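What follows is a group of structures, each given as structure tokens.
The two complexes that follow have chain A in common; it is paired with chain B in the first and with chain C in the second.
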Partner chain A sequence: MNLNFDKQPIDILQALANWGLIFGVLVCIGLAIALIMSVANNKKKGVSRFFENLGEGLRDLFGMSLKRLGAIANLTLKEAIRRKALLVFVVFAVLFMFGGWFLSDTNNRAELQLSVYVSFVLTAIGWLIFPVALILACWGIPEDIRLRSLHTVVTKPVKRSEIVLGRILGFIGVGTIVVGIMSVLGYVWILRQVPEEVQSRLVARVPVYGSLNFRDREGEDSEAGVNTGDINPYRSYIEGASKARAKWTFDGVSPGVLQTDPETGEAALLVENSFQAFRTHKGVIDEVLHGQYTLVNPETDLRVQLPQFPIYEFRQNLAWIPRELIYYNEETKETETKDLFDDMVSDGKLIVEARCVDVGQFLGMARPDLFLRLPDRPFASSFFKSVFGIWLMMVLIVVLGVTASTFVKGPVATILLFTLILVGTGFNQFMDDILSGEVRGAGLVESGIRILNHGNPIVEKPESLEESAAVQGVDQAFTGMLWGVSHIIPNFNMFSFKAYTASGFDVPMKVAVLPALLMVIGFFIPCLMLGYFSLKLRELEAK
Partner chain B sequence: MSENAVIEIRNLTKIYRDFWGRPKVRAVNSLSLDVKPGEVFGLLGPNGSGKTTTIKMLLGLLFPSEGDIRILGKPATDVAKNEHIGYLPEESYLYRFLNAEETLDFYGRLFDMTSAERKQRTDELIKMVGLDKARRRQLKEYSKGMTRRIGLAQALINNPKLVLLDEPTSGLDPIGTREMKDLIIKLKEEGKTVVMCSHLLADVQDVCDRIAILYNGELKQLGMVDELLASQDKTQIVSSSLSDEAVDEIKAVIAKHNGTVQEVTNPTTSLEELFLQTVAESQARPGQRFVAESEKAANTTTVD
Partner chain C sequence: MSQLDSKSRKLVYFAGIVVLSIPIIFLGMPSRGAEGSGGKLAQLRGEYDLGEATLGKVDPSSATMNLVLLGFRGVASSMLWKQRIEQQENKDWAGVKATTESIILLQPHFLEVWRFQGWNLAFNVSAEWDDVRDRYYWVKEGAKFYQEGTVRNSKFPELYWDTARVIGSKVGNSDEKRYFRKYFLNDPDEETFGGGADPDINPNGIDNYLVAQDWYQQANDVEIMPGIDQHILMRMIFRSYPARSQFDYAKALQDEGLFNEEGHAAWEKAYDMWTTKFGREVFITPAGGVRLEFTDKDLEELAAEDGVTVEEKQYWTDKYQKNVNYRYWRTLASAESEEAARDAHRNIYDGKQLYRKQKFQQSEKDKEQGGGTETWGAMEYFDQGMKQLETLLRDYPDLKNEMAAVEEAMLAVMYWRNIYELRGEAIPQTFPLQDIWEANQGMVPEIQLQFQRENTY
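Our next item is the complex of A and B:
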């Protein structure tokens, strides 16, 4: 099993800059609205009241009492437990008591079974915890206001920030208990369900990815290989028995990446690929395609061709490359010996070229299809990182739900958050594609005009539209708004790490865990401020 | 503003508005009054007169449309003022899934009290409000009277300087009412300031030093209860039982001084006193019961 997506490590500085820009703009808009409302309500005293409230707000946000936070969080926890929120375990138990019946596979691919079980457990945990978190978070404060229990709290020396944060912490506590217990039970369930013959595959592979470039059939550098007609351009193909190559450049290659080859017992570099084949003729029946690696020193251009290897599709193709490389040098026509690190690696860089051996056949490859493999980590490492992803999403739902519940009632907050999750899960990528130009279309006004004129997006833009500064301006403004919206609505897909775990990979920190964690923090700060000011500036007893 | 007032209200106005911001109801109109330290102050008025709205503005639950409020020298919106305030709402809006101990412990924690302080105070208050036997029962199992009691206990958890009581006797039986009134008097003796709003006039009369009467959100009367109720043109003499001759002689003396005797009667006790006396006697002699005249007659016939 391999990955069918290619995520890049997060650029933290860029992410911080984006966050700062959006946060700054929203804070400025919020402050401007608050100032106008304060002047409208308080006339001459409006400006001074605005600054008084602002100062008080900052003091409240930074001067919270741990004891009060603990009291409110503890109350929230007790409330959820005594109102039977933990009944969710009954559903969980039923799922796992009988789930195995329906998930057992009859085909002979036992390793796929492993993937099914892991996906099932992680999906079940997510689907059970998210509705619970959503409902608890959206209804907690509105119910407190409706039943007026909050009156007895806000008439104590409790800051509104403590109520918002205390509630958030309490609901996170409930969610943590639920996710914690479910994940431990799920982990044990997987260990017991997975067929014995693939128990050894219950590991977390740790890949080191490189950057990928291609050479075409003439041997010239190119950005991509051949498109064999697949609508999904994820993999590029190289032609067999030609000069076409896929070229991976790895950084930070050191003796630390070596593992012990189980056959020779010596330290060796483990390279794994999951290339896919595209056949232009059926070839030899029952025979797989073959590939070949060439190691290249990026500085000296020394090339060492390794033996050919068979490529089994949809399986792990492993190649152990020994430190001492014995190869036939076609230029000198002699067998030579080179050291993997002394001769092939320069400044930690190593190039691995791959080619397809078979004539008339193609091998498809994407960046994650070939990687250096570090020593495996325990399966638990990957599994519990995926659980951490679910936990992070639960935290974000709680943060958003509690914030929404400070200014609207429970049902409205629930619908609002549900919509947000729906858009953030299903349409975030679509918005990004529109903004990046990947999806063919146009600006709002231009699209409207095209619809009225029965012109589809393929039709050239009319000159009148091209020249109209007003249309261009309005469309640019809407595109800017769409950019803002796409950044304000969280991309909930970022929290799903199960593809890594189900495929037998460790969950990468910089690519998956860190972005998800930063996203939660990025939403937590403005949400806490919004929730606080919303609760502070509203009358809890308004008729 | 007066320097030593616990509560200072100046030109307080509250206008409830509709969704579009148009004025709907003027619940409180230009209210100005002070509450002095150590007094029991009553806010009176019929339903909808603005009592509860005023209390809620004092607590920061509602924002004044106009005017200023200072409580213990601080603005009403300053949460720091709540350190020294106890509030009993009209209904005891407590967390029904907590028991009495947990309730008081929770509110104690909101005052940053230490664990030992909370425990001690919880014990004291639970005993004081008579819920010792029900301290581990969840509040959802409590009767209305019990809920009022635990509500009162939470209002006193921080040993407040100022106690705000919204309809403190509502929902209480006569015994509970009497206990509540005794407690209010005790709080006054301890030097606390009590502000209560109620439309049960007898209760207010029994415990309040000063009262304000609101009607349609406006202050109509303000002053000491005794002064407001005193009839300056009448004199009352209460004596032990006198003979008819003695009464005639007194009438003659009054007539001699150009006075007019309007009424000579035996004073009646209040219904509350009668009820409390009956309950006390019943507790002292559990087997005794009231036998109606008709029942007595029937019993006599049967014996015959």
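Our next item is the complex of A and C:
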């Protein structure tokens, strides 16, 4: 059970700055449009009307009553339950009653089953909450308008901002009940379904990752190892019995990372790897390849070579490194003793070098393939963080859905949001790849011309196209639009943490949870403002 | 608008329902099981063998999935195929297995799905693992997947044949065969199988080639049923596989140094299966039916039956014999059933074992004391084996044209020559199997590689 991706923590300050910039620009554009429309509709009084409305709006947004919000949210909750939103539990119950039939396979390896069960539960919760949140959020306000109940509400001393936020909170409440119950039941279901022999593997490993550099077969620094032809270039390979090394530098290494080695009962550093083997010749068939670590002090360059170890692919290869290191010094030809922290760590930094032992064979590795392992957390920690991710996704759907429903009707809002989710889930990466030039295919018009001329993306660009300013200009405009769209449509994949949980890892806060949380907040603020002004300015009778 | 009141309208609706129900019942009434029972659709389904139950065991979960998906089965299965490819690229093996199972729920009677996915598990996924025990696990998964395919599609002979191919060829003839064959009898997952065989693929704990033979036979039994065809091999070659598996079994015992009665019986059974079972089957040629194993009387009778000349029958029989190399396999089985052949192979095998132990020659002292074969070194065994093999090839000259026999002879000579070289002695001018050695010099590099492989691990 390994990770097959390498997510880096986000730069929060940079992210906030970007958000502030985009938000500010959008607010300015919105205000400018509103001012122009106000002047156009009200002539001379337009400017003062604009500022009146703006002031009122700000008062409405910042002066909401918690009591009234609670009342609207409560009513929304009751209404959702009356509309049989909780029927989703029937589907959930059916899925889980019979899910075991589809998933259990007595012949399958228990450790493989584990990740299948965990993925199934988290996927099921995500897929079931998705339509509930989508339909409730998109149909709530339009239904109120259609049934004229909103006409009654707006005559009461309730601010429209409270209607929007109350609705959002109410739907979030429904979603929270649904997600909460499903996640608890799902958790119990996993505990009951997972075979007894692998129950002990239901943990949340806490890794400390380092930065990875390579040295090639000549011993020179290099950015990556060798590509052995794997279709997925995620891992780089180092050649066995050569000077090729993979070098991880860890920060913040202190005695706090030590755990008790179950064999010796002493405090030791637990290092785990998930290297992969690549053979250029059959070698000894019934023996797996071997690797070897060397600890290096980044300042003194003191090197301590540790014993060789076998690489069992797709499993947890653990190495307990004792605090007291006894090793054979090649230079002095003597057995020496060093202290892991006093002699090998400088300023909290430690380098772990890995090499492949077998001649002519290769070991493949990516940054997350070697990490220092802190004491495990309970499985529930990782599971419920994943559930929290699903909850955040639900919140975002509700926020977007309610916002959309303030300016369009229910079916249109549903289609709009469904499209947003579809693009945000399935095409986000694709858009990024087009923008970064990863996907070859040129711009929209150029691609069209190439298709008509039966020219694939590999074919050199014809000179006529190269010179055509019109084609280039239009393509650039479309690419700019795509850039805008890719930054406005939320990436819904950010809410899926199940790869961590299913692989037996804790969900990292900085890398996974925090960016997802910030994204929801980032959408919540403008959506609330947009929803409020839409509802305030729209003609309720225009059903 | 209608002038009818509510009650009358309801009566009209009801009458409409009753009237429309008549053709629906006529067309769609389910079968009661007896032939010709049920509505028109049920009868047609029975007539053309299109019912779920006639294709194989019905899986309620699969039927439910297809029903629930309404018309989106194609979309869903395409998405699952894409997902499985991505999972394989990301080496998410748990996902690959789970997605494969899901694809099968959606496409339970699509032959190519079973063939592709089974192959993928047994050959592609297994090759991704470094530990030979892991590789065996995935080979088993492939075999089990095919087995499940035969349960769900009892009338696809290809799936029985594929099961046999994985259990026979993949287990018995891959680079890892030395381990796979052992694991087939004693599964490496001792915790689950207690040191015995995995009962799902080897319930009786017997040799992989014998299990494969049983599956090949089942493939033949299905293939011969009326209205069923296989589309992977020429029919005659397809039907030769049960006997071919017996040959593989006998050869494997020989390669592993089992020269006892079991090995002898295996060759005899191979001869018997080849000549009296497969050889006596009637295959249809442009000149009517032929038997690969025949007497003059057979030829005359078949010629008379089909109204063609004996010469025509002889021509087509000869042509078909060549297609499956019939005479070679018959000669091989016949030759290998002889005591001399067994002795030749045993001596060459013992010679190789002693070579690996670096006991190259009988010691002078043993020689003086007239020590028996137990004191021989590799050289004496090769000398003896090569002489016996030469005699065998003289008695069965057809074997000289076949690669396997020539390879064995060339390899024995290479070992023998190597001993001389290692000892720094001149290679004798004349030696047994010399004509084969000299006639096949082009094969030396290949034999050299085989020699290295045999002595590397």
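By definition in this document, the second predicted complex is superposed on the first by the 497 of 543 C-alpha atoms of A that agree within 3 Å, B and C clash if a C-alpha of one lies under 4 Å from a C-alpha of the other, contacts with A are read in each partner's own complex, and residues count from 1 in each chain.
Operating definition for what follows: a residue touches a chain if its C-beta (ideal position, glycine included) is under 8 Å from a C-beta of that chain, and two chains touch if they have at least 3 such contacts.
Treat the numbers as computed from the prediction; the structure is a model and nothing was measured.
**Q** Quick one: chain B and chain C on chain A, clash or fit?
**A** Overlaying the two structures gives chain B and chain C room side by side.
**Q** Does chain B (first) or chain C (second) touch A:284, or do both, or does neither?
**A** Touch status of A:284: second partner only.
**Q** State whether A:461 touches chain B only (first), chain C only (second), both chains, or neither.
**A** Touch status of A:461: no partner.
**Q** Is A:79 in contact with chain B, with chain C, with both, or with neither (first, second, both, neither)?
**A** Only chain B; A:79 stays clear of chain C.
**Q** Can A:4 be said to touch chain B (first), chain C (second), both, or neither?
**A** second
**Q** Put simply, what angle do chain B and chain C open at chain A, by C-alpha centres, to the nearest 10°?
**A** The angle comes out at 120 degrees.
**Q** Based on the superposed arrangement, let me know which partner A:45 touches: chain B (first), chain C (second), both, or neither?
**A** Neither: A:45 stays clear of chain B and chain C.
**Q** Pick one for A:116: touches chain B only (first), chain C only (second), both, or neither.
**A** second
**Q** Pick one for A:156: touches chain B only (first), chain C only (second), both, or neither.
**A** The first partner, chain B, only.
**Q** Considering the aligned complexes, could you tell me the closest Cα pair distance between chain B and chain C in angstrom?
**A** 23 Å.
**Q** Chain A touches which residues of chain B in the complex?
**A** 16, 25, 56, 59-63, 79-80, 82-83, 85, 87, 89, 91, 93-95, 97-98, 102, 106-107, 109-112, 138, 151, 154, 158
**Q** How about chain C: which of its residues touch chain A in the complex?
**A** 61, 89-95, 97-98, 101-102, 105, 129-132, 134, 137, 140-141, 144, 175-176, 178-179, 191, 198, 200, 457
**Q** Provide the residue numbers of chain A that touch chain C in the complex, in ascending order.
**A** Residues 1-2, 4, 98, 101-103, 105, 107-109, 112-116, 119, 197, 231-232, 234, 276-277, 279, 282-286, 288-289, 311-314 of chain A touch chain C in their complex.
**Q** Could you please specify the touching residues of chain A with respect to chain B in the complex?
**A** 65, 67-68, 70-71, 74-75, 78-79, 82-83, 147-159, 539-543
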